[in-house]
Amino acid sequence: MTFPSRLKRSHRFIAVLVVGLLTINLQTVAAADYGVGDRLTSSPSKSVGKTAPPTNSATSYKEVTWDALMPKNWDPMAPLKGLKLDHLKDGDPRAIEALEKIREAWNDAPIEPTLNGARIRIPGFVIPLERVGDKVKEFLLVPYFGACIHTPPPPSNQIIHVTVSKPISGMRTMDTMWVNGVMHAGKVDTEMGQAGYQLKAETVAPYK
Amino acid sequence: MRSLFFLAFASAWNRRTTLGLMAISIALSVMLLLGVEQLRTQARESFSQSISGTDLVVGARTSPIQLMLYAVFRLGDATHNIRWSSYQTLSQHPSVSWAVPISLGDSHRGFAVIGTTTDYFEYFRYADRRLLAFSSGKPFADIFDAVVGADVAQQLGYQLGDSIILNHGAGGMGLSDHADKPFKVSGILKRTGLSVDRSVHISLEAIEAIHLDWQGGAPMPGLSIPAEYVRKFDLVPKEITAIFIGLKSRAGVFQMQRYINQYKTEPLLAVLPGVALDELWSIVSIVERSLLAISVLVVGVGLSGLVAVVLAGLGERRRELAVLRSVGAGPGVVFMLLAIEGLMVVVLGSLMGLLGLMVLSVFAAPILETHLGISLATWTLSAESWQLLLTVMVTGFLVSLIPGYRAYRISLADGLTPRL
Amino acid sequence: MSQTVIDIQNLIFQWPGREGFRLSIPHFQVDRGERVFLQGASGSGKSTLLSLLGGVLVPQQGQLQVLNTDLMTMSSSERDRFRVDHVGLLFQQFNLVPYLSVRENVILPCRFSQRRRGKALESANSLEQSADRLLGQLGLDPTYSQQRVTSLSVGQQQRVAAARALMGHPELIIADEPTSSLDADRQSEFLDVLLGRCNEEGVTLIFVSHDQRLAHHFNRSINLNELCSFNAGSV
């Protein structure tokens, strides 16, 4: 084999290896393409074994939907009853007033007390609150994408304040996660009498 | 097996100049690769540690990232201030547990001066909910009291009770001087590793006091108010730069954020620190990845060079290989000898690179901390860095198999009598 | 224990892909302790024969047995191992590894052959001691042991090569023109020491050279043309 062709073969080999290195190290985060307002399907469509976090029979979690967090007799759209929205123009004071009423109601939404102490698992979008280094220790879980950015905030009974004992690395805003843990549903603000959901998470796994 | 290493080492030592140069080239590329990775992780750690336990950061309506940059990380200048009345309204909002105002823009001999209230020392937290601790002294009680950060005290040699002069404007050397109103160091903070260390904290009233006889950044001619009379003036602040807010219920942060963003009296912006940080990272990540890709390519160049050099040298080593063959080294042994040689060079180069990086960190760390607020861990590597180092070594071994294979073929073909 | 060291019958070797390039040996037998002088010029199939004897090449036809071992049924790595275990090799030049010391060069075969290593340690406390003794017997005193081979004269280097071939008591030594790089005086000296050692240890020696004048040192002298028919084919 002549000298030049020998070199060419080795350079090709090396090029392949370098590309291999590149793909290993540049972990391109395949960001799920969610649009504003998108929700997660509670049960993963793919095989359970692969995507759901392992559930031990001794510590089993009950999977709940976000709707279950709203008491059955509470209607989030109550202030809009009686208003024929199609007939109102944009900027009509009644519409604005109605929206204001909704916001106030949502601010002080009732919780479902039967969930207190329940071991649940629920999927959602995360908003990091507290970090230890780059790892997230405390976050909010909301039902739909873009909950804090583009749309009005969700009702207070559709926000879960989650704390974890072991900080999680690599968590970014609007990541989708399965959260398993013990739910606390009760008063969170003694002065104002506001109630909300808090969860002590035992496992947190990416939602696939 | 021991014989293999002995022979490989003896052979490599014979060609130590060339192989040494290749090791250096690999060392430099590893230094670059690990340096980029370390910087990346350290920057994230440092920035994430800057603020803790705060639900919202409120300021003038700029972009969220910009607000975080000047209000929390103290990088860059504030674009616009907000009214004191806004702070009063917000701090009295029923959902708010505490609210700490800060005022930026002044400097003292190159260090930033921050106007704030004593609440700052009670509520501001960093890292994992740590409060600012004092190494000596206490928060300001008098108008002309100042609390200095650890770096300020160390570099300027300040101690409790010392007098210091403050400038107007955030420039390094103050063009204008407040020489007639000296401040007294009432407290020195313990080291935090944040921009706090390089700041001087005074009360908001003090900021007003300094600027009494100033209009638009320069003293008014003919007007000079002696220090003792200053207290008689109305020193309620008119403007502040930003407010840190803690809520009674953390889940209520969205409502509060919306309320502030739609505040009618003044255009305000409320930002969730965690979310804004993620936005910052998503923008920066493009740069990060490019840098990492370049570094990986540079390592590829280094390894390529090693393979080329060893391959090129095989021609001269035909005799050596034939001799080894004649004393019983099979073609497989020859293959291993070359592979081990390549591995040795890569490992040596990698370790040299690692060492070089640590030495460089020692020199670079102070600069990075002062200018970017990133505290660099000199002697430890992140898990990702170790992974990268291992990948380089494994790849180095794999590419060494190329000359190994070539040598294998040569020794098969030559047999006992090399074709020269 | 058989006395036959080399037993070749009706051997035919053809270089693959080279039409007509062929070596044919009807009969060749060597007994233990014989010192055989093979005379032939370069290009007379000498290298091919040595490669066959060394187990590097395998004949297509016939029988090739060395020390009662049939080389033709062995795999390439088995033949390599057999060779280093039982055969010492000595070439005209460039026998030694330039970056190892004299002593290290002599020890080399013991790094690759457990048998020779064991044999060397039977009569010495360490490999180094065995090597030094062998060097002494070949006329190189211990001061040379630690030196780099590149600082020795050609004659001295050949002695080191001989020591290496003898190290660890192989049964057979194949020498290919080992004296051809030496001047006349040195040639005789070298032959004397080499033959002396082979006699003492009962080592069978196959010595190939083009120089007829050396033949009288050996108890058997064969011309390669008599031994084998070598057809270089239509080139």
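The letters A, B and C name the chains in turn, as written, and every chain counts its residues from 1.
Operating definition for what follows: a contact is a pair of C-beta atoms (placed from the backbone, for glycine too) under 8 Å apart; a residue touches a chain by one contact, two chains touch by 3 or more.
Quick caveat, the model's predicted, so the values are computed rather than measured.
Trainee: Taking all protein C-alpha atoms shown, work out their mean, then name the chain whose own C-alpha mean is nearest to it.
Mentor: Of the chains present, the most centrally placed is B.
Trainee: What chain lies farthest away from chain A once each centre is taken as the mean of the Cα atoms?
Mentor: C
Trainee: Can you check how far apart chain A and chain B are, centre to centre, with Cα atoms defining each centre and the answer in Å?
Mentor: 30
Trainee: State, to the nearest whole Å, the distance from the C-alpha centre of chain B to the C-alpha centre of chain C.
Mentor: The separation of the two C-alpha centroids amounts to 68 Å.
Trainee: Based only on mean CA positions, could you tell me how far chain A sits from chain C in angstrom?
Mentor: Centre-to-centre distance between chain A and chain C: 79 Å.
Trainee: In their shared complex, at which residues does chain C touch chain B?
Mentor: Interface residues on the chain C side: 47, 50-51, 54, 56-57, 76-77, 80-81, 83-84, 89, 91, 94-100, 104, 108-109, 111-113, 164.
Trainee: Please give the residue numbers of chain B that touch chain C in the complex, ascending.
Mentor: 3, 7, 10-11, 13-14, 319-320, 322-324, 326-333, 415-417
Trainee: Which residues of chain B touch chain A once you look at their complex with the stated criterion?
Mentor: Contacts found on chain B: 41, 44-45, 48-49, 52-53, 55, 94-95, 127-129, 248-255, 257-258, 272, 274-275, 277-279, 281-282, 289, 292-293, 296-297, 299-300, 303-304, 307-308, 311, 388, 391, 395, 398-399, 402-403, 406.
Trainee: Would you pull the chain A residues touching chain B in the complex into a rising list?
Mentor: The contact residues of chain A facing chain B are 6-7, 10-11, 13-15, 17-18, 20-22, 24-26, 103, 106-107, 127-134, 136-140, 147-148, 152-154, 156, 159-161, 172-173, 188-189, 191-192, 194, 196-198.
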